[in-house]
Structure formats: structure tokens, C-alpha cells
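So that we are looking at the same thing, I have put the structure below in C-alpha cells.
Lettered A, B, C and D in written order, each chain numbered from 1.
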Amino acid sequence: MGMIGGGLNAFIGAVHRVAAAMDGQIELVCGCFSSHPEISFSSGRSLFLPREKVYTSYQEMIRKESKLPPGERMDFVSIVTPNHVHYDPAMMALDHGFHVVVDKPFTLTVAEAVDIRAKVEQTGLVLALTHTYSGYPAVKHARRMVTDGHLGRIRKVYVEYPQGWLTQKVEDAGNIQAAWRTDPKRSGVAGCMGDIGTHAHHLAEYVTGLKTTEVCAELKTYVPGRLLDDDGAALLRFENGATGVLMASQVAAGEENALKIRVYGEKGGLEWAQQEPNSLVVKWLDKPMEIYRTGTGFMNAPAAANTRTPGGHPEGYLEAFANIYRNFAKTVMARIDGAEPRAEWLDFPGVEEGVRGMQFIHAVVRSGTQDGIKWMKLQE
Amino acid sequence: MGMIGGGLNAFIGAVHRVAAAMDGQIELVCGCFSSHPEISFSSGRSLFLPREKVYTSYQEMIRKESKLPPGERMDFVSIVTPNHVHYDPAMMALDHGFHVVVDKPFTLTVAEAVDIRAKVEQTGLVLALTHTYSGYPAVKHARRMVTDGHLGRIRKVYVEYPQGWLTQKVEDAGNIQAAWRTDPKRSGVAGCMGDIGTHAHHLAEYVTGLKTTEVCAELKTYVPGRLLDDDGAALLRFENGATGVLMASQVAAGEENALKIRVYGEKGGLEWAQQEPNSLVVKWLDKPMEIYRTGTGFMNAPAAANTRTPGGHPEGYLEAFANIYRNFAKTVMARIDGAEPRAEWLDFPGVEEGVRGMQFIHAVVRSGTQDGIKWMKLQE
Amino acid sequence: MGMIGGGLNAFIGAVHRVAAAMDGQIELVCGCFSSHPEISFSSGRSLFLPREKVYTSYQEMIRKESKLPPGERMDFVSIVTPNHVHYDPAMMALDHGFHVVVDKPFTLTVAEAVDIRAKVEQTGLVLALTHTYSGYPAVKHARRMVTDGHLGRIRKVYVEYPQGWLTQKVEDAGNIQAAWRTDPKRSGVAGCMGDIGTHAHHLAEYVTGLKTTEVCAELKTYVPGRLLDDDGAALLRFENGATGVLMASQVAAGEENALKIRVYGEKGGLEWAQQEPNSLVVKWLDKPMEIYRTGTGFMNAPAAANTRTPGGHPEGYLEAFANIYRNFAKTVMARIDGAEPRAEWLDFPGVEEGVRGMQFIHAVVRSGTQDGIKWMKLQE
Amino acid sequence: MGMIGGGLNAFIGAVHRVAAAMDGQIELVCGCFSSHPEISFSSGRSLFLPREKVYTSYQEMIRKESKLPPGERMDFVSIVTPNHVHYDPAMMALDHGFHVVVDKPFTLTVAEAVDIRAKVEQTGLVLALTHTYSGYPAVKHARRMVTDGHLGRIRKVYVEYPQGWLTQKVEDAGNIQAAWRTDPKRSGVAGCMGDIGTHAHHLAEYVTGLKTTEVCAELKTYVPGRLLDDDGAALLRFENGATGVLMASQVAAGEENALKIRVYGEKGGLEWAQQEPNSLVVKWLDKPMEIYRTGTGFMNAPAAANTRTPGGHPEGYLEAFANIYRNFAKTVMARIDGAEPRAEWLDFPGVEEGVRGMQFIHAVVRSGTQDGIKWMKLQE
């Protein structure tokens, strides 16, 4: 693995590295951790990389690595930069034959997303998008329960994602994470809805196996002077006639990272909350409520395949993240070996989810910033 | 107290009686429990009422009781019939000088609600509307925290009310509660939104002390053949610029009565869930999360004034209901004695909340049943 | 009902009155609320009793009431005084033909308890002991699950009762409840173990249907100068070979009233916590954990028979208390009518549980206050 | 790192490897994964080790590695075998100059533990004992709160560890983990108390900073034919006069791994449950209950130093385990560099905790298997 971005003080870069390292299957072999050479080199040094495998531009890294023999060069590139530096390195990596992991949201525009999708289809390379929360075993259990029909036809989806860390104008107080996320040039047309709304949207589609068709939204910017939405909510319509509500806020003062989903069908409902991720509550119309717990013998195959420890030994965010890397890596290794990846390895978000996410962002912004026509289709 | 409705098999009538009896201050002295004489008489007998105090029409009851001397007649009437039998008995009772308790939703139309409000103002009598959930001590603590400014300016309200009991067409299977709630003639223009959406709406306004100004809604009828909405959601706008989301469903399979509210201001947020009503979670921007527990020494005055047992001795739905009756009764007794009721006794929902509820229902139905103009004002 | 004790500032007297009144089946007709005449009279007045039905000694009340004709006199007496005033009024009431409700712990000594048992057996009168917590529907569900064998043979019982209200020497600061509970003359040989340890012990025997045979305990007095234990724990042995642990503390600073029980058999375990009393968690060896919720259709017959509201409308402490009164009253009414009470009405703690509680207290004190022979039999 | 034990199907070996790899600071360089050569070699191959770094006896590995130059040999050895193969390899590794990580419980006897302690003191090498649960950030927060005196003088400790996986005789059904844990030759004098009782005991001493002085226990073997205890409980006495209760069971049917601790002092109490490890509940005598959450800004320094992700991104068992490895590795690296390790790096269980654990096991077995003298001192 080669990394683009993720210099020493970047939060998400370190998460990607721990996730990639967890199972001993992926090795960081090179990186361009920053456009500032000194940061890139010091980052590489602390990661035990030889100096010649540390680059100061991603273009140089992709070019040079592509000329190395297979056993020496990186097998894939992981792009962990802000949104505006996703499209170019992803396209260049694909053009040079590298598989790609890219952080979310996918791109700045729907057009960029569609472009990358075409490139992936054309090259046959593998692309993973790190919608972390679909990596949790209990979420995979939920998806399989729904798609196997245990809840009956789905009618209702509630998905919510309250955070409080942007309650005040921390982007003016040196918070780097806040600075780029609230900057339209680096973040795109949406703030909160791009950063976390897309996670919620992806989770809703992942768990239900249903596509959202239309949204009716209200976006708000509560902190004076902020340039992008820091709060929003959307009514949702799904392809099968189900409806839903999506709530995302980064000014929900006091909340940490409280992503939660509830799905109701004709026979029962389920509920999963990211902050206690090892429990899946299932409520039935005709029998008592059940709680399915990660690691126990009662989890279905997709959950079990993505679990490392037995019941009662809680898994967390890093393990969920590592599941995306592990499934991606197994798929890549199969491809490298010329083999067909197993279906269970393909269980990670990819380019299609990237396109859907951008469509969601743009529909929600169009609906949420005016009072006229409210229902907006994701695919125009 | 005289009761209209609430014959032996009616759920809510028994709740009203327990709530009224709980503190030993209110005595049931007469009733017209059903329009079927035999049901009314057998109900009265099982309630230890003498036969002459059991009536077979509310008109007869109001007329006859109004002619009795003060010590012998009922002091107030409690109307626990379906929605379509609220307006007439309430108006007649007020016209004959009786105070009134009426179940929610208030009436069938905004016009009826406005009419009763005028009558209450004109007569100076007391009217209570049993929005039970505002009777919980922890809710009263929450309201006072918000109105005292502890959370700072309010930005966001999430209120939700999922139930599952109408997931199937139980109105065709002999469920009397379901039958009238899904019948437009008895329930009014809304089903789910009238029955429980109004509870959620009232709770949002009660806790925040803010009025909703506009709604943008989607109503659904999921069960084939049902005539009224059994599910819905609304984006909300409040008078101070805050926004909110209200979700109500009676087809959330597996849910019991999961009313919950979250309110976020600039300094923190709070969360209360009716099914575990003795805990109020408060999350702060600048200090660890706190949990306030009913009955402990850390509750504020409005909470303490509405609590019967010490911390750790859980209070429930009936106690919340009884708080409305107790505060109403103290207010009525003060009025009968010619005294001014204490401010704390006036803490029960009344005619103003009834009018607001009807405005909410009608705005939500106008918005939620079409795709054109979506934002509807509560007060046109 | 006539009441002995329970003057205006007494906590438990008010609880008894609310519990008795809740279902409209029991009427308070007389009382000796205090040995101070002025307190007794003012209490009676506020409870709307005519002055001639308020007494200033329980002896006078029992004597005079016993001479009234059946329709005018009290049917039973409720004794809500401190422990040292249980035996005499209970014996006298029984001797005069009155049924009895008495608060726990039953008496001061095992001998007194055995005495009352003999009197009850001889007179055929009904006696209820208010071990409130066995009145909760979810506890009744648990008991029936266990006794029906759903958990298999029982192996392990954990029962705990931490409170924090005696963490400091509040008996010196005017806390009346604390004053008598920490006074050996009024409380008996045990403090914490008598006040709440007996509740925990009763709950363990009630839920499992098993008798404890031996205890191995450690009692402590943490607050300097206090004369009775304020904390303790006991290892338990049950008649079927199961073992258990009982923990009770009144110096668990910050705790409210956190009674909790867990029972494990060969097939699964269950868990119930009084502070969230409407949920019963059942964990299985061979299927996912379930949660049974009071008021839903999944509760068994004893639970349903003791429930007033549907699922999601939480019941609390007062409803549990009222269940004891209701079942007692139905039993008494059957006896008065010369009929056989239904088995379900007999589901309340009585004189046998009173004797067991006193045996438990005395065994725990014998074991817990010395380091020599530790295992003490309940029945010597 | 070189590993002894942990062949492909061993649960805890894989956990050690993930934990060691997590932060990119520790590399597995050699191993003797099994005494079966084919298992050892295939394990090594799947871990990407060259064949010459895979050994078939730990003696060979220690001898050969000790002769390699510093840059090429392992820096420390990690012993993840059953209990009976702890003492010999640990002593030999120390004798050959290697630092040691060893799984718990430490040894078979107190004498062995004391021996290793002497060796560690004599060699100046570093030894870590993987009492995982003290690695959680919230546990470290708890310890610092207690030792800083925030709860006041400690009075009461409840620590419990119910598991259900040995409810049936799974050792006869091919469960390898169960087989050696229930075999006195491989496990030592205790089963449940050695396997998990020691975890609970260590947690109690770690959080409180207090030593237990005496135990009064009851051990049980519920599954017929099993040779060691599968359940037990102990009353505890601490050096400062505090008392406690320790419960451990492996026949608590339906439980996963429900380690939980509660500690009460004169000012408040705290509560931590391993299955939801990112929350620490703190209950106060004089203010509302608080919840401290891992990763938030409200955690103290020891917690923050052992946290990888921000609030709301849950950490789990593997991260806790990795904290022991990380702190150990930093300490070892400092020693290798001839520097003094920082105090915060020394925060991992070591040889002293190993000796205490063995003393606990032996005292509990002496007390718990007879009915005579019950209070047994840990240090005779």
C-alpha cells in the first residue's frame, strides 16, 4: 500500500494505517504524506519507511512506483486527502494500473464520480470507498436479515447522525479537520451533508438494499459566518415505496458521533447505534424483542466473516474500518492472482456507492436550500 | 368528577379514573359511560356508583347535575370519548358551568377548537387537555432547563413517536381502539398524526417553550384499505429560527410507545425517552454528560412538585397522567374557593394547546398529502 | 382499610394509601396515623376522614372498630409503623378478627414472626407483607419462567441492592427515616440487612421458587457511630444445590434504589433491575437474548394479571405496590364472601415470607459479625 | 517480537498478534507456534515469516535468537501458551536476556511466580502480563479518579465476571480452549477463578489502587465430571478497611464476557462494564450522575494517552490489548536505548501483578473448597 495524504497530524490517515495493518496482510511500502516535503519525510521516518519510498508529490509516487517490478512496487494506493484531492490522484492511479482506496465523500461533483466509475469499469481495477460504518459486523447482520426478507417488505427507515463538534466556529480556532470541511473549495457543495450525511445515506441503502429515489430537505447553517451547511434533515423516498427520514447535524451540542439506523418492515424492525456497535436490536410483531450480539454464534455469515473476537470482546471503529481494507485486499489479491474473488470479499463500498453519494449530496443541496420545488430526484 | 365515555372495555377511561383517584383528592361521583344503557349501568355499578348517578346520555348528565346543589353535583366533567364526541359535550359542559377535562386530540377541526377557546375565555372556567407526556417530572425538568437558558439558544429539535400496533389491519379484526382511530368520521382528517403526532408536537413545544411556525411533511398510509395516514414525518420550523424533525408512525412494527425528544442548544442538548421516563440525559459542550433522575435531589422545582416517590422508585405513565389531574384539580379547587391558583398548579395543557394541536394536524395534512407547495404555516 | 402509622410526613404511609386507592376497590375508612393526637387528627382531616374515625391509639381503633357492624367498620388494618410497632398491633388486629397488611421487615425477632404465623393459621385471617418488588409484572413473569423450567435447573443467583442514602450520618441531621432504621430499638438486630437485605432475599426466593438454606456473610458499619450495619454481603446456598450472592449496601454513594436480580439455570439466565422495571432480559444458551416488556402480548399470565397499561406505557413502584394491595383485597373479599380466592389473587407475600425474612436477618447477623463459623443455617 | 504458542487455531495467539501489530511499532520476527512442526511451519508461513525464523521448540528459538546480533534477533518474547507452559519459557527467556510478555494467569503456583519475580528483579528486564481489561481507557480514567481521591476514601468494591461458555461440558466436545482450562495439569489449582477470577481481582486492585488482604470464598463445579471449579464467589477485604465482593462464573448461561466493576467511596461511586467499554458511569452524592466517554475531551491523562480515536468512535478489546503491548514496547525501547521510560509507559501489568494473582488463586481455593476457616490471607 502507498498512501496519499495522512501526514502526522491528520486524523484519518492514522486510522487508515491502523486499519490496513490490523490483520497483517497489508504493508505500507511508500507514501506521499504531505505536499510539504519536511512533513512527508518526517511522517515516513516515523512509519519506518526508507527515505527513497517517501515522495513529495503523488504524481511522482504514482509514476515511479508504476515503473518498479511487481514485487517491489505498491499494489494499491490509499487516498486520504480532503475531498478536492480525490479525483485527480484516483484517476492517475487507475491510469497507471493501481487499485485504489479513497476516503469519502467520493469527489466534488457527480460528474467526477461518474468519470471515475467509467475509468474503473474500463480498467477492471478495484476501488474501495471507506464508508466505515458498513464494516461493522452487526450492520452486515442487519443487511442480510433485511435482504433475506426476515422483516418483510420494508416500509420505514430512520437514519440519524448527530455530532456536536462544529457547534462553535472551531474552524477559526485552529481545528484543521473543521477548516477544510467547512471550506467549499475543499469540501464541495455541502458541509455536514457531505461529511456525515453521505455516511447516513449509504448506511440506509446498505442495510435495506434499497435505493433512495427522491429527497425533500432542509439545510441550515447555524454558526454565523460558516459557508456550508452544518445541519440538515431530509425526507426520503425509496424505490419500493418505503419512506424515510435522514437527520444529520454537526451542531448537536454534546453529541459525539451518534450515527443510528432503524428499519421497519411488515414483520418487525431493527435498530443499530454506532456508539454501541456490537448490539443489534430486533423488534418483532409476533415475538419478544431480540438482541443479536457481535461474535456470538447467533450472527449470520456476513457478520461472522467480518468478526475477529468472540462475543463479549467488543469490536470497535478500527475493526470496522479494517474490514473494508481486508475485504478490499482479499479482492485485490485474488485479482493479482488472476482468480475470482469470493462473493463475501466483495462486501465493501465501491465506485457505485461513490456515485450514489454524490447524487445524494447534490439532490439534498438543491432541495434543502430553497422553499419552492422540494422533492428532488437523485438521478435526474 | 363526572365522566363521559370510558365504559368498561375502554382503555383510556380506566386510565383517567386511576389518574384522578391516585392522590385521594378527586372522587368519581357520576358518569355517562356509554350510550348503551346496559354498558353505562354495569360500568357504574362496578365503580360503586349509585344507580341514580349513572346516566345514559351526557346531555342528561350535564343538565341534571347542573341543577344539584354545589356539594352534591360533580365539580367538573371528564370527556374520554373518541374525537368526534369532544366538541359538543365540552361546549355544553362549559355552558352549564362545569370545568372540563378532555382527551386529545382536542376536536375535529381548528374551528371547533377556536370555538371552545372562546367559550373558556368567556366563562372563566378551567379546561385541561390530557397530553399525558408533559406530566412526567423529567419532562418538566427539561422544560425548565431550556426556558431558563441552560442549553443556550435552541437550534434543533428531534421528536419521534414510533408505535407498531397498526402494522396490520387490526381495525378489521375487532380492535375497537384501532377502529375509531382509523375512521375519518370519528378521528378527523388525520390518523397517526392526530393520535400521536399531536403528542409529539405538543411535547416539542412544551419542552422548548417555542412555537412551531411551519411544517413540511409527508404522510403515508401503508396498510391497504386504511382511510387515514398511519405514518408520517415533518420538517419543522420554530419561531426563533430553530428547526426540527417530527416522526410519527403506527406501522413501526415491534415498537410499543417509543415517544422520544431531543433538544439541542448552543451549549448542550437533552434527551428524554418515554419508555424509560425517569432519566433525563443532558449532554454538554464543555463538561461530561449528566443524567438527571426523577425523585433525586438534583431535580428542579417543577419536576419535584410533580413527583410522588424518591429517586430509584420509578414513576410511570399513570403518575404522569395523575399529575395533569392533580394540577387541574388544585386549580379548580382554588377557583371554587375564589382564590388565585399557584403558578405551579397551572402547569397542565389547556385550551391553547388544544388549538395549537389542531393547527398542527391541519397544516401537516395539507403539506403531507401533496407534492407541490410543501411549507405550510400553522397559523394561516 | 384502617391505617396504623403513616402520619403526614411519613414516606411509606402515603405510598400505602396511593397503592390502596389506585384501583378504586379499597377505601380508607379510619386511621391512627400517629401517637401524637394533633398529627393524627390533622392527617385524618387532610385525608377527608370524619373526626370520629381518626384515633389516637391503635388499641382504641382496633377495639372500637371491632364493635361496629360489618358495613361500617374497617375490613382490614394496614400497619405502616417502624419495625418495633409491628408485632403488637398485628397480634391485636388478628385477635379482633381483622385481616392485616404489614410493612417489612415483619417483626423484631424470629420468635415474634413465628407467633404471628401461628395466630394467622389459627384465625384463618389473611396477612400481607409489603415486599413491594415482587409486585412488578416483569418479576412475576420471571418467577413463572423459572418455575415452569424454561431456564432449566437453577445454578446461580445474584441479587444486589445498593443504595447511597446512608453514606453520611443523616440520622443526626433530622432524617426521620434514617433515625429509626439505624436504631436497634426500633429496627431490630440489623440495619441495612433488615431494611433492604430482606427485600433482596425475598426477591431471590420469589423469583427462583427456591429456599435459601445457609448464608456466609460479612456485615459492616461504615459510618462512625452508627449502631447497626449499613452494608453487607452474603454467599448463599439454596435447597437445590444452587449458590448465590446477596449484596446490600446503604453507603453505596450515588446509588438510588438499585435492586437487581440475575438467575442462571442450565439453559439460560434472566436479569431484572428495579429502576427500569418494565424490561426483563433473558439470555439463552442456544438463541439470541430476548427482552420481555411489561404490557406486551408476550408476557405470561401472572404478569398480565398484574398489569394496568399496555406495552410502552411504563408502570412503576406505585403500581407494583398496588398489586400487593389488589391481590390481598381480592383475597379478603373472597373470604368475606365465603368464597375460595382464585390462585392468582394469592400471589402476594404473607406470613411465611415474614418468617423467612426474620430467619434470614438473624442468620446473616450471626454469620456476618464474626470470623469463626461462617456458614449459618436459616432454620436452626 | 518472537512468539511462543499461538498456532493457527489458537484464539489468544491471534489476539496478541493483532494487538502487537496495531500501532506499527512491533514486528513479529520469529516464532515457535506449536510443538507440532507442521503446525508451527504452516503458521509461520501464513504470517509471512521466512522458514528459518520458525522454530519447533521454544528452547531452540531462545537459544538461537540469543546468538543473533541485536538488529536481527527478536527483542522480546511473547508467551501465549496454556498456563503450564509459562514458567519454563519465561525463566529461560529472561536468562537469555529477552524481555517477556506472558499471558495470564501468570504461572501454576505462587512459588513459580515468586521465582520469576526474583529473576526479573535480578536481570532488570521488562515483563508484561496481559490482564487486558486494565488496558481500556475508561478503566485508566477510573483508576486515576480513585487514586486522585475524587470518590473519597473507598468503602466498597463489587467486581463480577459472568461467562456462560462452560455451561455444558464442551471440553468433551472438541473445544480446545475449554479442554486445557478445565485440566488441572495445564490450568493449575483453579479453573474459573484462575481463568477469569484473576482478571476480576486484578481489575479491582488496579482501579482502586488497593491490595486485597483476605478472601472468604465458595467455589463450585456445576458441570458433572469437570475437575476444576467453574463458578465461584468471594467476599474481599482490602488493606484500607474497604470490603468487596468478587463473582466469577463460567456457567452463567447466556452471558458472554460480562466483566464489570463498581467502586464506592465516601463521595461517590463509579461503574464500568467491559461489554460497553467506552462509558464510565460516575454517581455522586452531591451532584447528578455523569458519564465519561472514551475519546472525549473530558477524560484524564492516563485515559487520553491510551486512546486512538475521538469520542464516539468506539474502541474495543483489541485496542485495550494493544495498549498493553504499546506501553510495554515503549518501555522496552527506552531500556534498549538506555533511557528511562516515561511514567505513563509503565502503565501495564507486570510481575508484581502476576504474584498477586497467584496469591489470590491459592487463597480463594483454600477458602472456597471447605467450610471451616473461611477468611484466608493472600500473603501467608
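The rule we apply is simple: contacts are C-beta pairs under 8 Å (C-beta built on N, C-alpha and C of every residue); 3 or more make two chains touch, one makes a residue touch a chain.
All of these numbers come straight from a predicted model, not from anything done at the bench.
With steps allowed only between chains in touch, the distance from subunit A over to subunit C comes to 1. Chain centres here are means of the Cα atoms, and by that rule the chain farthest away from subunit A is C. For chain pairs B-D and B-C, the one joined by more C-beta pairs in contact is B-C.
Subunit C and subunit D have Cα centroids separated by 43 Å.
Averaging C-alpha coordinates per chain places the centre of subunit B 55 Å away from that of subunit D. Put simply, the C-alpha centre of subunit B and that of subunit C have 35 angstrom between them. Contact of a single residue of subunit C with at least two other chains is seen at positions 255, 282, 289, 293, 296.
Only residues 151-152, 155-156, 158, 160, 162, 164, 167-168, 216, 218, 220, 222, 231, 233, 235, 243, 245, 247, 249, 251-255, 262, 264-269, 282-285, 289, 371, 374-375 of subunit D touch subunit C when the two sit together in their complex. On the side of subunit D, the complex with subunit A involves touching residues 11, 14-15, 17-18, 21-24, 28, 47-48, 163, 255-258, 274-278, 293, 295-296, 308-319.
Note for the complex: subunit D touches subunit B at residues 282, 287-293, 296, 298.
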